[in-house]
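One chain, chain A, links the two complexes that follow: it is found with chain B in the first and with chain C in the second.
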Partner chain A sequence: MVLRVLNALTYREVAWFRRFFADYVVSWIFPLALSVGVIFLPASISGVNTVLSRMSNLFNYQMDLKTAYSLALALTGIVNVVAIVINDVIQTMFAEFRFMEVGWMILETTGLVKYTIANAIIRPAIMTPLATLFLAPLLLYLNGFSGLVTFALLELVFIATSIALGFYSTIVAIPLTFHTKISRPWTIANTLAPAILAGTGVYIPVNLVPAILRFFAYSTPVPRSCEIVYLISLRGFPSEITLFLVFITFLTSLYLAVSGILSKNADARVRKG
Partner chain B sequence: MENIRKSYVSREGFRKKRVVEALKGVSLAVRRGEIHALLGPNGAGKTTLIKILATLLLPDDGKAYVNGYDVVKEAEKVRSVIGVVLDVSKGFYTSLSGYENLVFYALLKGYSYGEARKRVREVLELVGLYEMNAHNRPYYTYSLGMRARLSIAKALLTNPPVLLLDEPTLGLDVESAKTVRKLVMDLAKEGRTILVTGHNMYEIEQIASSITIINKGLVIASGAPADLKTRLGLMLRVSMRIGDVNSNVAEYVKNLIPVEKISMEFNADSTRIVFYTKASREEVIQGIMQIHKSFDVKIIDLVIEEPTLEDAYIAVVGGEHGS
Partner chain C sequence: MNLKKTLHVIYVGFVLSKMHITAYVAAIINTILWFTIIFVPATVFSEDPKMAVSMFLPGVYALTVASAAMWTATEFLRWNVYHGLTDLYRENGLTVFHYLISYSIVDSIFFGVATYFASTYIIASYTGLSFFNALPANPQYLLLAIVVAIPMYLLMGSLIGYLMASTSVSGAWINIIQMIVAFGTIVPPKTIPSGWLILLNPSTYVAEILRIGYNTNTVSSNALVVSIPIAIALFTLLGYWIGFLCDKRIARYGLEYRY
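Our next item is the complex of A and B:
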């Protein structure tokens, strides 16, 4: 039963990718601009060497321009993953059940628990490589073959993070869709992603971030993912990656359990009328 | 379906709850291979009933079986023998094409990718979307008629023996409604059991072999359309024009046919008589033939109008008659 739901969702994602290819291109351009801005905007004020020196101090690693730009690119990758997964999972579920009423088609064939679990895995697992595909040629160009190895490791972290975030977003999406009467979920989805990213210290140093934002961020794996992304960009294959995978597996299992309970309740609620 | 009850609880503000009894003990049976129509005003409980049979809603009480399977205990088996049309105006991903939506649905139903593509093409051809070249266009570009066809294609995808159609022609233009009606009748001829809801009496009268009228969650009448009209004691309206001005004709009619109400209109060279009767059509014709023979009355025109299903529906829902 779960397999057929996975099949159907994979087909839907591929169909959507074909139809929304232009949207993906846009989602590659904006992070690219951000990665360029991270290095060259402050460099236009204080010079490239000053920026490299400060980044080296901040990350405790002596960087050249290539390494700094690779780091900036990896950073934009995680920004892309968080923004796309959070927004998409919440808004798609809301649209399916509240606007398009596709929910009846889903409930006619399977249970909500199986659907939400499959959706939380398949959507991020397919969208994440597509949304971060632009990193591959750039890292290859900057670092040669080792750039591709870095890309493969980054993808591993991105996909693991995005699946965890898929379940996390489901936990947010279910109450919004089935237990409230709100009609504009995007106001919440659009606020949640920047709140999580701000709380991880991606935009500004984490000690300057208000505690409430840090709370949002630390309820997700994103701060840990950022740390491991920095390490991969600077050191190639850090030993900490094993611990990270254990941590994210634990967190994903926790989210899976919570989203499973919420889905089961929502299924019962929908069928009760 | 025996004594099905269903209530909804809706919240009004933070504390106040309102309980709406959608179905108050509905019992009905649909014979295999027939088109059974479920009629009733808005809020009568028709859609709730369809959703319960489609396993989308759980009843509070009572038993319901589809093809012999219990809709609560054997929901999976019920789902394998039904095709459902709910709201024809939505229910699909707007950005996917009709073809892609149906392949997605077929994969959810357990078809392999190859089988799904083949079967989807077959049903799209059956409902006419393939020849309209609409199958590859995004769903949001579809007219209401095309959306209705796609909903029916979805319902037919697994080739189910039972179809549950909730107002399949709602909002359609005359031509599209006619196409959908024909499609439903063709499907019934193939031996499928069809439960259809609707408001359009003309349409229901054309397609349904039996009818259940529900109002405020209760069955208030059921039977074949003709039986229903007879049981409700609805009258024939007879309009007759005779070739001379004869004020005695009304008396002749009254003596031969049990008339409820009669009126006459005298013209220069003819008389028009209109009367209402509970007599059968045969009795009316025999009576008029006798008037023609016995009193040498020249009949120029004769129209006998049957009561429509709409008359029956209004009579029942308007509370003029009991069941």
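Our next item is the complex of A and C:
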């Protein structure tokens, strides 16, 4: 049964990739513009050397332009993962149960718990490599073979983060879909992703971000993911990666438990009518 | 198009905006947060944060208004088609230009200025500047920028309307066009090798007028101020003409629903 749910969701992802190809192209170009902007916009005012010196001070690592841009690119991967996973997991669940009226088909075939678990894993696990694929040729061009190794390690961090965020988004999506009468869920999904990113700082250390914005970020693994992305980009294979994987496994289990309870309650509520 | 009809569509725009007030609030928060993600690093990495703020903030206003225009045209010629609303408007003799007029005041004055002030507050809090220090030293240029932003809104929206009517591109491509429009607004003209070429982007004109208030304009302030009446007339007439062409094309070839 679980295999059939996984199959169905994988089929849906492939079909959607073809249908929404333009959105994927946007998701490759937009972050590229961000990564160029964070370095070259200030450089247009203060010069490249000043920007590199300030970045080196902030990250406590002497950077040349290639390192700084590689770091900006790697961090851009996090922007993509958060924006895509948060938006899509919330909006897909809402759309399938509230707009497209396919919810009853899902509930006839399987339970809501299995569906939400599969949705939280499959969507992020497929979309993350598709949305961050553009980093591979760029990192290869900038850093040669070691750029590809960096990409492989980054991809591991991105996928682990995206699955944790898949469950996190499910926790937000279930009350929105089954317990409220909200008609514009995208206003919440569209705001949550940049709130997490702005709270993390992404391109600047999180301690520079005002406390009020950090609130959203600290409810997710994103600040830790950014830290590990800094370390991978600047140091190659940091020992902290093991600790990060333990941390993200713990957080994913916690989100899974909460989303499981919420899904079970929602399943009973929907079946009761 | 007479004054009564213009005022009526503006009234309709106010009523529609009131219905979508939560979407506007969410859009303001969303825009500020996205700007924060890119502007805070751009400001923190600069040697002179005050100069960075003065350079980028005018672009925030111009790009916000231009983006609102582009998404309004996309809404009219893409999403509303599915619900039959585009046909309903056209059956009543209203084109994309009228639809843009209906939202132009709310988007340029309320949405654009609210986003600009909120972005100013956020950037000021990061850089340690006071809110008032991050505002233009000569606030009259903010008023002039708003006056020019309305016809710019009509022109930018009509251009996107024509693109939507004559091609089958999806709404997602507007994100790419927004990035192009960022050159000259967020990215100041002085950083582009041929700064004058950037004036081909109508929203640059609005950003440059606001930059006079900060004393960071690339184009001469005299030239900008003197050409304001010409720009207003030109943007409005071009917008009207392109909107008319757009409607003619829809009448001839129809409009297929696309996401």
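The rule is short, and it goes like this: the second predicted complex is superposed on the first by the 264 of 273 C-alpha atoms of A that agree within 3 Å, B and C clash if a C-alpha of one lies under 4 Å from a C-alpha of the other, contacts with A are read in each partner's own complex, and residues count from 1 in each chain.
By our rule, a contact is a pair of C-beta atoms (placed from the backbone, for glycine too) under 8 Å apart; a residue touches a chain by one contact, two chains touch by 3 or more.
Not measured: the values here are computed from a predicted model.
Using the contact criterion defined above for the overlaid structures, shared-chain residue A:W16 touches chain B, although it does not reach chain C. When the shared chain is aligned, chain C comes close enough to touch A:I45, but chain B does not. By the touch criterion defined above, A:L176 reaches neither chain B nor chain C. Between chain B and chain C, it is C that contacts the larger number of residues in chain A. After overlaying the two complexes on the shared chain, residue contacts for A:L58 are found with chain C alone; chain B is out of touch. Of the two partner chains placed by the overlay, only chain B lies in contact with A:T110; chain C stays clear of it.
Of the two partner chains placed by superposition, A:L148 touches none, neither chain B nor chain C. Common to the chain B and chain C contact sets on chain A are residues 20. Of all residues in chain A, those touching chain B in their complex are 4-5, 7-8, 11-12, 15-16, 19-20, 96, 100-102, 104-110, 271-273.
Within the complex formed with chain C, the residues of chain A that make contact are 20, 22-23, 25-26, 29-30, 33-34, 37-39, 41-47, 50-51, 54-55, 58, 79, 184, 187-188, 190-191, 194-195, 197-198, 201-204, 208, 210, 213. On chain C, the positions that touch chain A within their shared complex are 22-23, 26, 29-30, 33-34, 36-38, 40-48, 51-52, 55-56, 125-126, 169-170, 172-173, 175-176, 179, 182, 186-188, 190-191.
Against chain A, the residues of chain B that register as touching in their complex are 6, 8, 22, 48, 51, 54-58, 79, 84, 86-87, 90-96, 100, 103-105, 107-110, 113, 138, 154.
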